[in-house]
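What follows is a set of structures to go through.
After this come two complexes, each holding chain A, first together with chain B and then together with chain C.
== the complex of A and B ==
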């Protein structure tokens, strides 16, 4: 594997805001990497630095092993799918898709063939002669994809391409994007603020917070071993509990001390316990980490039941379990958490 | 279904139609009526004292095609075309960059573009004369800088006329171009760069087509009036470079005193305007599909 895109210690400021702060990140060729983070954390800026629409104040940008920091966008072998799609309103679907191909100086017949190929790839057959304003949101999305993919760039950059679509269409497009990426084998750098979308699509996820890169890893890695409280909370639901070292375990409150598989770690500020990893039973569980809880509130969530329980020490915990016989407020249970599910995280 | 849907529209149209009466009255009184009077006079003749005699004649139109007048006509069109091209070349970067600025600067610069309208056009033309004349500002500066020994003749040259025309009409090109440029999404420019276009290609393939309505409006507002402009060629060209507007003016209020012939020139000019307008409209419609 070789690096398709690399940001080396890149920094970009706007006035007093540091949009991208000392970010170093490598995207491998053929990889589907997602930049994930809340709005304003610098995802778009990072993408625009790779596309060439922004120049870093410090650091360098590398594409396919070459330093392109000072190359203009039209000399970079990357194409972007814009959040607003940015389809050319005065060109038909066909001419939009052919736009980049014509710049490559391909003969007319080759352009036609490549446009047909791209149209088939995004299942837009029959729409070639239409104008952008005649298309639905999903269709525009596909044209934008086809237009960016047709010139066969080494890297495709996608800036929240699905955020304007409704939930159902979004799900369909997620599946199609994944299929498309496997089919063409192009490196995808995808931007989203939706952790669910990031999990569904990505080989690896890079989590950003206030312009800084916090953690990079596969979805399961980030979910199971979040490096910071921010990552733990941003990816899925979790119980973030302030804890102090107590012998071999971590004391949560006066009544509960949890053993952790990663107990050797330096003293953290927090431990994270996923709500679906807390088991509730009428009797004490066999392993360590058993403690008594009282049900405070229950919420029916379809396939799952969401409970808020309180320990004898007064700590509130969120618990998710398969729906079945619903619990009643006031009901008492024994809670159990396997030590490998007690994760220590940095602040 | 169609007629049912159309009926209420028509009814409400007739109820509010009277609101259009002032506009219709204005158009009849100041556009249609003068044009008709011009048309009628253009087929008349004149007596020895220069009075209009209503005897039908095509003689005036025959004279329009006299080589002397065709020459003036061609020169007027040529100057107007050159003026238009120079205005386009100057106005595009200005309009484009104003449109890309933040709101406060945009408003300030647009105000600057419009400020000349607050003073008399004649005063501004005289200002140019004081700059360009033999003992004027420009010659003074050039001589002080040691670039020239004797004063050059700037005023009363074709160059001075074109300069005056460009100066007078530049805002009429900037403003419609700005209105179009402002509507072009910045992401479209980025998309063009992204897909391999350098600055010139981006201009040709994206900016130009998307600002065509503004360009067409600007051309109509510069080219056509520039053909008929007489004050600038009078003041900055002296009598040496008469243009169509000077000839027409001469027929009505000058020494020639041939109103029917002036009217015929005016009618031909009006037709030229209408035909070029129709052509531009047609092209705009074809482009939009």
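== the complex of A and C ==
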């Protein structure tokens, strides 16, 4: 595999705000990589640096092994799907999609063929002669995709392309995006603040926090082995507990000390325990890490039951379990956590 | 008082109010047009239909010359104002530079400035530079107060435009110049057309600035009409004015047509 996009120690400041701070990241060719982080963490700026709409103050941008830091956007082999779609309002769907092809100087017949191909790719047959204002949100989304893909760029950049769609359409488009990426094999760099979406779509996820790259990995890697408390909390629900080293384990409170499979980090630290990894049983569990809890509150969440339980030492824990017979507040249980699910994380 | 708020009464009231306002605005014009076909030399009594006054205009070389002057000046003014105004709007919109705010304030100045001061200052300028008065000086003078209108109209439209449009064009391989030509300019077309028509009509009926900056040979039609009117009212004036009204109505209709077709032009 080779690098399709690379940010090398890139920094970009706006006034006093450092939007991108010493970010180094490589996207492999053919990969679906997602930049994930809360609003304002620098995702859009990273994309714009790759597209050529921003120039870094420090560091370099590489596309397909070439330094493009000072190349203008129209000489970079990347195309972007904009958050606002940015369809040209005075051009039909067909001419919108043909725009990039015509700039490449393709002959008319080739343009027609490639437009048809792109239209089929996003299932927009029959809409070619329509104007952008005559399309629904989902259709505009598809036109924007087709327009960006038609010139066959090496890399497709997508800036929160699904955030304007309603939940149901969003699911459909997520599936389609994934299928599309497999079909065309183009490198996708996708931006979202939705961890669920990132998990569904990506080969790898890069988590950003305040302009800094915090952790890069596959969805399961990030979920199971978050490097920091921020990552642990941003990807899914978790119990983030301050802990101190106590012999071989981590002491949570006066009553509970948990053994962890991870190599002992320097104390003090945080441990992260996913709520669905806490098992509740009427009797003490066989392994280590068994402790008594009392149910404080239960919330019905359809397929799952969400409980808040309290240890004898007064620590509150969130527990998710398959909804069957609902627990009652005040009920007593034995909780058990396998040591490999007790993850130490940095601050 | 219930009847006052009944829908029928309301419709009657608004209807008659509208009719009244329209009559107030347009009755003088109707009268003016009607008397341009009057055989009598006096604008007070209808005596019979004639086209004599139009024929008299046609056979007056001074007036014909003035009409041609007016048209040439207005067309040139509109074209130059559109180019300057659109480019100016684009530069102000795209580039952040020192003194941009000052420049923006200055651009609107010729609009706010009394015409007589504009006229005098331009005359001073031309005589200082020893530029002989003629068509050129009139066009320069007209552009001075017309192009800010184009600039402001286009600027407003630019501010309502999605900045990602230009980026999308660049992203798809268009150079900045092509992006402007293929994406920005079409989006600005209604504003540019409106600005051009505004510049055209403003130039066509301007008197005061023209008075200071035109040589006798370059005198425009309004200037001649002004001269005639000082001598005394005359049905020829009515005929001239009727032609003007006709041109204005035509311009308005054209502008409307432009707006209707601007949503569906051909491909790139």
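We adopt the following convention: the second predicted complex is superposed on the first by the 345 of 347 C-alpha atoms of A that agree within 3 Å, B and C clash if a C-alpha of one lies under 4 Å from a C-alpha of the other, contacts with A are read in each partner's own complex, and residues count from 1 in each chain.
Definition applied: contacts are C-beta pairs under 8 Å (C-beta built on N, C-alpha and C of every residue); 3 or more make two chains touch, one makes a residue touch a chain.
Everything numeric here is computed off the predicted structure, so don't read it as measured data.
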Looking at the superposed three-chain arrangement on chain A, would you call chain B and chain C a clash or a fit? clash
In the superposed arrangement, does A:94 touch chain B (first), chain C (second), both or neither? second
On the A-aligned overlay, A:62 touches which partner chain: chain B = first, chain C = second, or both, or neither? neither
Per-residue contact with chain A, leading partner among chain C and chain B: C
Let me test your reading of the model: by the given contact rule, A:79 touches which partner, first (chain B), second (chain C), both or neither? both
Which partner chains sit in contact with A:334 here, chain B, chain C, both or neither? Use first/second/both/neither. neither
Contacts of chain A common to chain B and chain C in the A-superposed view 51-53, 72-74, 78-80, 82, 84, 86, 88-90, 99-100, 103-104, 131, 147-148, 151
Residues of chain C touching chain A in their complex? 162, 164-165, 167-176, 178-179, 182-183, 186-187, 189, 262-265, 267-268
Per the contact definition, I'd like the list of chain A residues that touch chain C in the complex. 51-53, 72-74, 78-80, 82-84, 86-92, 94-95, 98-100, 102-104, 131, 147-148, 151
Can you check the complex and tell me which residues of chain A touch chain B? 51-53, 72-74, 78-80, 82, 84, 86, 88-90, 99-100, 103-104, 131, 147-148, 151
Within their complex, state which residues of chain B touch chain A. 185, 187-188, 190-198, 201, 205-206, 209-210, 287, 289
